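Given below, in the form of structure tokens, are the structures.
First subunit A sits with subunit B, and in the next complex the same chain sits with subunit C.
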Partner chain A sequence: MAWYIVRRLLQMIPVFLGATLLIYGMVFLVPGDPIQALAGSKPLTPAVADQLRARYNLDKPFLVQYLLYLKGILTLDFGTSFSGRPVSEELARAFPVTLKLAIMAVAIESVFGIFFGVFAGLRKGKLFDSTLLVVSLIIIAVPIFVVGFLAQFFLGVKWGIAPVTVGGDASFGRLLVPAIVLGSLSFAYVLRLTRNSVAENKDADYVRTATAKGLSRRRVVTVHILRNSLIPVVTFVGADLGALMGGAIVTEGIFNINGVGGALYQAVTRGEPPTVVSFVTVLVVIFLLANLLVDLLYAALDPRIRYV
Partner chain B sequence: MSEPDSTPAPRRGRQERFVAPPDEVKILATDKLDESGQPTSIWNDAWQNLRRNPLFIVAALLILFVIIVVAFPGLLSSQDPRYCNGDFSMQHAGSGHPFGFDKQGCDIYSRAVFGARASVFAGVGATALFVLIGGTVGALAGFYGGLLDSIVSRITEIVFAIPLMLAAIVLMQLLDSRTVWTVIVILAAFTWPQAARIARGAVIESKNSEYVLASEALGVSRFRTLVRHVLPNSIGPLIVVTTIWLGVFIVTEATLSYLGVGLPPTEVSWGGDIARGQRELRSGSPILFYPATALAITVLSFIMLGDAVRDALDPKARKR
Partner chain C sequence: MLRITRTTAFAAALVLTAGIGLAGCSSDSGSKSKYVTVNGSEPQNPLVPTNTNENGGGRVVDRLFAGLKYYDAKGDPHDEMAESIETTDSQNYTIKIKPDWTFTDGTPVTAKSFVDAWNYGALATNAQLQSYVFTLIQGYDDVSVAPPKAQTMSGLKVIDDTTFTVALTQPSIDFELGLGYAPFYPLPEAAYKDMKAFGNNPIGNGPYKFAEGNAWEHNVKLDVVPNPDYKGGRPAKNEGLSFVFYQSFDTAYADLQADNLDFLDTIPDSALATFKQDLGDRAIEAPTAQDQWIGIPANLAHFAGEEGNLRKQAISKAINREQISQNIFHGTRLSAKDFTSSSLPGYNGNLLGSEVLTYDPEGAKKLWAQADAISPWSGQFQIAYNSDGGHQAWIEAVTNSIKNTLGIEAVGAAYPTFKQVRDEITGRTIGKAFRYGWQGDYPSMLQFLTPNFLSNSPTNDVDYKSPEFDAKLNAALAAKTPEESYGLTAQAQEVLLRDLPAIPIFDYIASAGRSTNVTHAELAWNGLADFETLTK
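Then we have the complex of A and B:
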């Protein structure tokens, strides 16, 4: 088990390097001079420009810049953004908010998705199942920005039962509606995955055996059917945590949440390589760690899975 | 198959036999093999199943409608979607303008009709590239294995780790001139590993089958075996994800246009119109509803098609 974790962590290194190099290369190719953008409309003497360029390592070749950046990350020094503040400060401010939002969204989508998915799967082909399938299709088909905007307009503006925007106060109550919006699409996927998985397993021989030996229906469903049906669902939910954090840009924009999405979007439009790459790097690490966690969870769900 | 009706009346009172005569046993009907027809392939079988699936019929009709709208928008609207007259700003529906006008005085109905082009074109183009690159790379990696497989797997992991929206926003921001083509290339560039993974898995599953062994025993070349035997038998899962991704691509294009980093504002697109309509919602005007509904119906039809095809290609799911 320990060996397995060590090996998985080692396997993450090339993925981590590749992903950061890719993003760094993309941001590096931004046309225009970031130093000029930093100075704004003020005229810049060549000497000052050169000095700024040297401070941000912009005078060195691309690969050297990347390696210097990598060295910084490994010593947990994420550099300074063009506004002069350390990037790590921005990371520390934005990530807890988005992490909270994404975890809430994942919790909502898993609880409701699995709950409804089990009932739909057990009643495959019945009215309840068909209704839920249609609902899930509609959720998938309507873009998240429409869902978010309608939720904000009706719940926030028109009926006033939820705060319109989140702003600086990212408390549980204020993040609830945005989290529901963010998790809605994945809710539909979790529902469908669980439903298909349960429908496939509910007629399995081991289920008949469990029923035949006199177990209660509840125990058969929760212990025998559900546990065996959860592996594809857990895989999806684990990968979804990382995806939601990166994909929260739209939701954060609509509800004015000061999270990763907003900070990242601004950094991208301003063309700030250190900030963009640092945010993406942390997102990639979270994604990889979440996937490792999922793989470790497999063993808890299915004791036949052994780590070697 | 109908059961024979001409069952003789059971003879009562006489028990000289305990086994009914062959012509009395109804089960005989199912034992008979109809050898006259052509053997059906999995595709034929799937088609027979699809034809009877109401989900498929609804999806196919909707897609047909979308195709007509994309190919001949003039059939549904004679208005020029780019003709905007400030005098008509926010005017309500009138004759010839069933949905009214937006802030700039453009006809909402004709913009909803003509907007289909950009969305569907971006979706279909990205999907085509997605399948072509991902399917080819995945199939080769799965079939030949070795170094190629290792490289493809590493690339897949790297691209998986980068969120699609994020990469798309960063790259779109880089480009000075954005067209439908740039959207297509960027969407495909960051998603093809998804197709590659599916194709790889399907090819690995069928490459150890007896018919592959037979093909090789007969001296058929490796590549020909892949193309003639392995691919046709492993393309099912790829077709299913393709229809689903088509919907995802259309939504992603709309999201990018909504964020202002997709198609240029001069292009008539649903995403851009939704972004504009959103501003008017605050003042109580529901014009956002029209492009959003058009988008949702289009995406819905492709996802429903994917659902129906998956059920048809998966005999296990069909079993009740």
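Then we have the complex of A and C:
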């Protein structure tokens, strides 16, 4: 088991190198001179432009730029943004906020999704099941920014029962509505995955055996049906944590949450390679770690799976 | 089982509602701040006046520093730190400053504070974005090259603690008008020790200073409080300002409606149609010194000489500015009447030849036919624009207007980002007409004309070269009084209206709003709040 984890962690090194190189290359290839853009339509003295290019290594060839960036990372120096602040400071500020938001969203979607999914699966074809089917279809069909703006307008502006924006105070209470909005789409998926899985498993032989043994209905559902139904759900939720962190940009924009999305968007539009690459790389690492966690959970859920 | 599930579901719903309720409570505590909350954005550079060239940082820098002059809400200049600014030829200035002013660290503001700050801003090795504003000062050419040939500009001389002289390379009345612009602010001694640290926690002499404690929370907000030592003509009338940074104006607008934000200087496009209804008398509108033009590169095929002149006039007359402003901007744009902006001192909306900017389909067709007689038209008329700035709708409307009037193929050419389109414009490789604009740095008509149309200006994007215009504009710059300069500027503009190096389309009207907590809010000439007079 420990060896398996070490191996997986080692595999992350080439992925990390590949990801940074690819992203650095993409930012590099974005047309337009970022230094000229700093000046807008105002003039920029050529000497000043040259100084700035040199300061951010933009005057060097692509590979040199990339290697300098890598060298910096090895010494935990992620470079500086155009505003002169270290990127590491920006990472330390933005990631906790978005991580908190994403974890809240994942918690909400899993708890409610699995709960209602089990309920619907056990009552396959009944009114409750069909109602949830329609509800989840609606949630999947409506784009997230519509949900976000509606929640903000009605809960925040019109009725005043929830904060309109989050701003600097990213507390649990203020992040709750954005987390519900962010988790809503995945809630629908978790619901349907659980529901299908449970509906399939509830007629399985081992469930009949368990019932025949005289186990309580409750024990049959939670231990025998649910545990075996969770594998696809766990796969989805694990991958979703990474997806939500990267995809929170819309929700963060609507609720003015100062997280990864906003910082990344600004860095992309300004064409700051160090900032973009650092943010995306951390996202990639989180994604990889979440996947590792999912694989380990498989073993916990299904005794047939063993890692050596 | 059923009962358990229902109970649990109910409990879950209860928890959720309680959570939202809890969140609701916590939101109230935030809005009771005594500071007036205004929208802003994270400054893109450290708060050093010579390095701040965008209005996220600019709106803060202007609060923290006081210059020789300041501009009131209408854009009229007044002396702030200047006791007197004397010149006989608009080229050599003797500037006396008021004594007894101090920076917030207690050190006095002297003539040297100004001269050193300007020299710092101009020196190439300091890589200050606003370095170009010192271009006119003698000796700038020596300090603005790398490596610099001199460390200071020869045109600046400190006479005594309160007097210094400035020598320019050519007469410019605009130099004096521009002395309230941020790069001309003074800096304290302390700044030069560590400019980076200074930019994070500036020490100024303006109407405000940083609030105690964590004044600047990066990407979140920045708080300033009145500076009790400020002695100038625009003292703070509120207990402080809190610049709240938003990622989108839509979000800021939601906060404004919920009274969490006290002043928003830009109503988002999505609310332009409804904001007057939503806000009632809390909606604020005022013309602002910002223009949109369509530039036509001098070397574009069919747009040179007599033929080009006819075609440019035809295109200008083919654009129904009035209708586009109504349909797309809900009246928040003014049809351009000249190359400056109606909010500027000395503006004249009835210049000779300005009828070329009014919609006249018949006249447009006639002019186009005349041009065709010289050389028949072929191909497409394309207008390049950046699609990250909300320009698509109006550019399409403009091309449709041209297409319908002149019967030619006119299309918008979208570039994904602003920097991409700028690259091709400055590299002269764009090969089509392009959207561009100008936002006044300080309230002066000359500041719209000099950088954009003077032959030797580095930002003359359309390569307009007219000795006649240059002569008239230089005469306006050399004028003795503002009034004299206004008349000469008008003459220079009449040359532009005849040659149309660019086609003016709109002036901006800023649309803003205030919360119910605010008792006085006004928009200034630049489309931002008149921050000092906001009260609640």
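As a convention for this text, the second predicted complex is superposed on the first by the 295 of 308 C-alpha atoms of A that agree within 3 Å, B and C clash if a C-alpha of one lies under 4 Å from a C-alpha of the other, contacts with A are read in each partner's own complex, and residues count from 1 in each chain.
Keep in mind that, in the parts below, a contact is a pair of C-beta atoms (placed from the backbone, for glycine too) under 8 Å apart; a residue touches a chain by one contact, two chains touch by 3 or more.
Since this is a predicted model, take the numbers as computed values, not measurements.
By the touch criterion stated above, A:232 is placed in contact with neither subunit B nor subunit C. Legend: residue contacts after superposition of the two complexes on their common chain; A:283 is shown touching subunit B, with no touch to subunit C. A count of residues in subunit A touched by subunit B and by subunit C gives the higher number to C. Once chain A of one complex is fitted onto chain A of the other, the partner contacts of A:153 extend to both subunit B and subunit C.
Residue contacts after overlaying the shared chain place A:125 against subunit B, while subunit C stays out of touching range. Of the two partner chains, neither subunit B nor subunit C is touched by A:96.
Of the two partner chains placed around the shared chain by superposition, subunit B is the only one that A:250 touches, whereas subunit C remains out of contact. When the two complexes are overlaid on their common chain A, residue A:269 makes contact with subunit B and with subunit C alike. Of the two partner chains placed by the overlay, only subunit C lies in contact with A:51; subunit B stays clear of it.
Where the contact sets of subunit A with subunit B and with subunit C meet, they give residues 30-31, 149, 153, 157, 253, 265, 269, 271. The residues of subunit A lying in touch with subunit B in their complex are 14-16, 18-19, 22-23, 26-27, 29-31, 124-125, 133, 137-138, 140-146, 149, 153, 157, 196, 199-200, 239, 242-243, 245-247, 249-250, 253, 264-265, 268-269, 271, 276, 280, 283-284, 287-288. Within the complex formed with subunit A, the residues of subunit B that make contact are 154-155, 157-158, 160-167, 169-171, 173-174, 176, 247, 251, 254-255, 258-259, 274, 278, 281-282, 288, 292, 295-297, 299-300, 303-304, 307, 316-317, 320. Those residues of subunit C lying in contact with subunit A across their complex are 1, 4-5, 8-9, 12, 16, 19-27, 30, 42-46, 53-54, 124-125, 127-132, 144-146, 196, 199, 217-221, 244-248, 250-252, 254-255, 257-258, 260, 388, 417-420, 422-423, 426, 436-438, 441, 451, 457-459, 461. Residues 30-34, 36-45, 47-48, 50-52, 55, 82-85, 89-90, 93-94, 111-112, 115, 119, 149, 152-153, 155-157, 160-165, 167-169, 171, 173-174, 176-177, 180, 217-218, 221, 252-256, 258, 262-263, 265-266, 269-271 of subunit A touch subunit C in their complex.
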